[in-house]
Amino acid sequence: MLAALSACRYTPDMPRDSTRRRAVYAGSFDPVTEGHMFMIREGARLFDRLVVAIGTNPGKQYTFTLDERLDALRRCTARIRNVSIDRFESRFLVDYARSIGASYILRGVRTAHDFEYEKTMRHINGDMAPGLSTVFLIPPRELAELSSSFVKGLVGPKGWPKVVKQYVPAPVYRQFLKRFGPKR
Amino acid sequence: MLAALSACRYTPDMPRDSTRRRAVYAGSFDPVTEGHMFMIREGARLFDRLVVAIGTNPGKQYTFTLDERLDALRRCTARIRNVSIDRFESRFLVDYARSIGASYILRGVRTAHDFEYEKTMRHINGDMAPGLSTVFLIPPRELAELSSSFVKGLVGPKGWPKVVKQYVPAPVYRQFLKRFGPKR
Amino acid sequence: MLAALSACRYTPDMPRDSTRRRAVYAGSFDPVTEGHMFMIREGARLFDRLVVAIGTNPGKQYTFTLDERLDALRRCTARIRNVSIDRFESRFLVDYARSIGASYILRGVRTAHDFEYEKTMRHINGDMAPGLSTVFLIPPRELAELSSSFVKGLVGPKGWPKVVKQYVPAPVYRQFLKRFGPKR
Amino acid sequence: MLAALSACRYTPDMPRDSTRRRAVYAGSFDPVTEGHMFMIREGARLFDRLVVAIGTNPGKQYTFTLDERLDALRRCTARIRNVSIDRFESRFLVDYARSIGASYILRGVRTAHDFEYEKTMRHINGDMAPGLSTVFLIPPRELAELSSSFVKGLVGPKGWPKVVKQYVPAPVYRQFLKRFGPKR
Amino acid sequence: MLAALSACRYTPDMPRDSTRRRAVYAGSFDPVTEGHMFMIREGARLFDRLVVAIGTNPGKQYTFTLDERLDALRRCTARIRNVSIDRFESRFLVDYARSIGASYILRGVRTAHDFEYEKTMRHINGDMAPGLSTVFLIPPRELAELSSSFVKGLVGPKGWPKVVKQYVPAPVYRQFLKRFGPKR
Amino acid sequence: MLAALSACRYTPDMPRDSTRRRAVYAGSFDPVTEGHMFMIREGARLFDRLVVAIGTNPGKQYTFTLDERLDALRRCTARIRNVSIDRFESRFLVDYARSIGASYILRGVRTAHDFEYEKTMRHINGDMAPGLSTVFLIPPRELAELSSSFVKGLVGPKGWPKVVKQYVPAPVYRQFLKRFGPKR
C-alpha cells in the first residue's frame, strides 16, 4: 500500500503553473482578530492568490452580521492586492475550495489542543479531496491566545474597549463600540 | 505593541516575485523515510524551489554516512525538477536559509508532542530571523508514526527487511540491506 | 499503603468462570457510527458477553429517538451472537453494570484529549465500584476522527449523504436520510 | 473503503473458544514494579491465559540480569494459575505473540504522553498483524507515576530503600538491596 | 529585549513588607468543592491574606444563587483567620485584584488540558497587569478529577447524594439536598 | 476517605509565622538561564526566604563545574537580599528541604509536557513529605522556550555567542565564552 508513495518512481503530473497556487482561508471571522490578520498577511505572501471566505451555517448564531464581517474583512485587506473576500454556504469547505480552483487550505494552529482538532480536519479533508493540501502556520507568541471567542469574552468588564482594541484591527474595534458601547 | 500588526495600515513591502518563494526542508535524513518523501513532494508543489538540506553536527553520531544520505536524497528526488539537495554545517538553520535566499522553512508535524517542539523552534527561529516564515504540513494517517529513529528501531528482529521496506524509498532500503543485512 | 498490592501475597479470590467475563459498552449512540461498530465487534471477541447499553439522561436532547437508536443497534448487531442491547436511565453506569453482573466497562479512546477524560472517568468509576475494571481499545487510524457529533456535523452541505454514508452502518444511514433528506 | 467494516454484514468468522483468549504482556521488566503487578493481576482476570514475556534486545544495557528479571516475575506470579513467564529475543512482538497463539497484546497507559506512544505502536502492530488486538488498562491513581526507570532513579539518596520498597514487590526489593545496598 | 531581564543588574524595587502578600482566589464556586477547599487552605498558608472572590457574570446562568455560594464559602472558611470572602462584577479579575491591593492570583491546575487554558490566562493577565503574578498549585491525586460541573453532573442517578457528599464540604452538601433532594 | 479534608472542620494547626515561608528552588543550573532568573526573582517576592540549591548527582556529567554554577548563582543573586545559594548531594529533595526548614518547593512549568512531569513529581514529593507544598509559576512568553539544554544546544554554529547572550545572565555568558569561545 505504501509502495505507491515511493518517490523514486514519482513523475510530477504537470509543470506547476505558479498562478495555480491558490489557497482558501475560511472561518466565521466573528469577528476578525489580529490573529486572523497575521494569517492573511502570511497567506498573501505564501500563495499567488488567497481567498478569505466566510463559511456560514444556517443553524448557527453569530455576534456580528454577515455584512459586518464581510465589510471588516474587505476594509482590513484592501491594500493586499492578491487577497479577495468571499462567502459560501451549505457546502463542504473542500467542495467550495475546488469550485474556486484552490489547491490549498490555509489554517492557523495555536496550541496542542488546536492541533488535535486541526489534524482531524486535515485527514477528513484529505479523504474527501485528495488533491487539496492543508498548510499550517503558527502565529507569533503575542497572538497565541487570540481567538474570536476569546475577544468576545472580554466585552463587559469596566474598561473593556481598551483591552479589546489590542486584539482586533481598527474597523472591527469600531464595530465592537457600535454594538456593545455605551448607549447614547 | 500589537498596533504595528494592524492590517489596515499594511502595505506589502514589495510585489512578490514568485521565483522568490524558496524554502528549506532541513534534517538529518538518517535515513530518508516515506514521511520525508511526502514532505518533499508537497514542498515541491507548494514552493517555487525547495532545497532539501542535510544539517550536520560535528558532535553527533549518524547511522548512515553523509555521502549515503546525500546519495539517497539525490536518487529519490531526481525526477522532481524544482528540488535541489544541499548540506550545511556549523550554522544556524536560519542563517543557512538566508544565505541561499530562502524565505521559508518547511516542517512536518505528526503528533501533539511534535507540535510543542515545533512551536518552540518556530518562535526561536522567528526571533532570530523575522523575515523567515515556518510552514507546517501534517503527513497522511498512514505515515503518522514514521520517523528515522522509528525505522532504525525496526532493524534486528527476524523478518525486519520486509517491515523496513514499507517505510523507506527503494535506494534507502538497499542501504539498509547493505549495512544490516546478512553477511555473505 | 501500597503494601497491600504486593503480588507475592496475592491469592486469586476465586477460580474465574469464563462466563463471568461480561462487559458493558455504554453510550448515547446518537447515532451509532462505524467507530462504535469497531468497538462492538472487538468487545464481542474479547468478552464472553457484551451488553451494549444506551444510557439516557432525562435532561438531554437527542437527535435520534431512543427507539431509533435501539433499533439501529439491534439491526447492526443481529449477527453477533454474544451481544445484547439494553438501556438504562437515572442510574450511574457502575450501578447499572453491577445490576447486570458485568465486571468490565469497555471504552474507546481516540486522542490524547479523549484520554484525559477517560482516565478521569476510569478513576471515578474505580472509586465507586472497586471490582469493576475499565478496558480500553484504540480504533484503527481510519476511524480515529469519528464521533457521533462529528457525523451529525456533516449534515447540511450539498452532497452530505455520500459523506455521512462512509461513517455509519446502513440502518443508520437510512435514519439519516429519513430525518434530514429532501422532503418529498 | 470503510464499507467492509459495516457491521450489518458481519459474520463472526468462528465461534470463539474461550481458551483462545490468550494475551501477551511484554516488556523489559527492569525491574518489575507494582505498576506491572497491577497489569498482570488484571490481565490474569481478563484473559484465559496471560503470558508475561521479557523481550530482550542484544544491543541494550539492563540494570538487572535476564535471570534476575525472570526469577522476580516467577516469584511474583507464582500464585496466579493462568500466568506464565517467558522471554523472546530478535523477534517482533507481533511475531512472538502469534508464535505462542496469542490474540491480544496487553498494555498499560498512564499519561497523555504515554498514550501518544501507545497509539503509534497499536497502529504499527495492527498493520503487521491484523488479527492481533491491543487492549489497554489505566493503572490506579496511586500507581500513575510508576515506571521501572522512575524506580531506578530513586536509588542513591539517603534513605532510598524505604522509598523504593513502596513501589516494587518484595522479591524485587531484595534484588535492589543486593545490588545497590551497603557493602558489608 | 531580553537584556532588561538580566538579574545581575536587578535592584529590588522595595523591601517586601510581608503584609503585602495578598492573593485573590476567584471563581464561580457553583458550587464549592473539596478541590476548592484544598486551594483555599493552601492559599491561606502561602499568603498573608487570601481573598476568595466570586466573580459574577450578568449573562451567565448559575445553579446556586450568589447568596448560597457566598454563604457556603463563609461557612467553609469561618475558621481560617486570614481568609475573607468577597464578590465582584463587571470587572476584569486583574482590575479587581489591584483594587483590593492583591499582588497575586492563585489558580489550581489539574490536567494538561487545564494547563493550556491557565497558561493563556496567565499571559493575558500578565499583559494587563504586569505587577500581578499568577501562582499555581496542583491538587492531590484524589481531587484531580474534581470540578464544580463534574459534581453537578453526578446529580440524578439513584444514590447520587452519597456520591456527591464525597466531593463537597458539608454546607454545600446540604444545599444540594435542599435543591435536588426528594420533595417532601 | 475524603472526609478528613472537609474544610468546615479545619483548624489551622498553628498561627503562621511569616518567617517560616521558606522555599527551595532546586535544579542543576547547568547553566543558569534567564528563565531561572525569572523564577528566582519571583520566588524572592513570593517567599520570605528562597534557597536556590544545586542538587548534584554523582553519576551525572555536567557541562559547567559545580564551582562555576555556584559562582554564577551567587553573582546573579547578589543583590536579592532574601535569596541564598546552597548545594546538596545524595539526598532526596524533600529531605534536603526539610533539613533547612523549608515548607515549599518552587517549580517552573513551561509546556503541557513539562506539566505532566511536574505533576508526577508533585505527587511523589507530596507522598514522601506531606507537609511540603509545591508551588508553580509559568514564565513569561518570551522565556517559554528556554532551558539549560536548549541554551547549550545553541553553541557551535557561527555567531552562537550573540544568540546565547540573549538567554543567560552576564556572568554565565562569560563562562560560555571561556569554555567554548575561540582559543587564543
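Note that the chains are named A, B, C, D, E and F in the order they appear, and that numbering of residues resets to 1 at the start of each chain.
Just so it is clear, a contact is a pair of C-beta atoms (placed from the backbone, for glycine too) under 8 Å apart; a residue touches a chain by one contact, two chains touch by 3 or more.
As the structure is a computational prediction, the values presented were derived from the model and not from experiment.
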Chains in simultaneous contact with chain D and chain E: C, F
Longest centre-to-centre distance from chain D, chain (CA-based): A
Far-end chain from chain B, centres as C-alpha averages: E
For chain A paired with chain D, centre-to-centre distance based on mean C-alpha positions, whole Å: 46
Distance from the mean Cα position of chain E to that of chain A, given in whole angstrom: 35
Approximate Å spacing (C-alpha centroids) for the pair chain A, chain B: 26
In chain B, residues with contacts to at least two other chains: 112-113, 116, 123, 141-142, 144
Interchain contacts, given as pairs of chains that touch: A-B, A-C, A-E, A-F, B-C, B-D, B-F, C-D, C-E, D-E, D-F, E-F
For the chain E and chain A complex, residues of the former touching the latter: 57-59, 90-92, 95, 112-113, 116, 120, 123-124, 128
Contacting residues of chain F [partner chain A, same complex]: 112, 141-142, 144
Touching residues on chain F, where the partner in the complex is chain E: 1-2, 5-8, 10-12, 16, 18, 21, 34, 37-38, 40-42, 44-46, 48, 75-82, 103-104, 109, 112-113, 115-116, 118-119, 122-123, 126, 133-138, 140-143, 166-167, 169-171
Interfacial residue positions of chain F with respect to chain B in the complex: 111-113, 144-145, 150, 156-160, 163
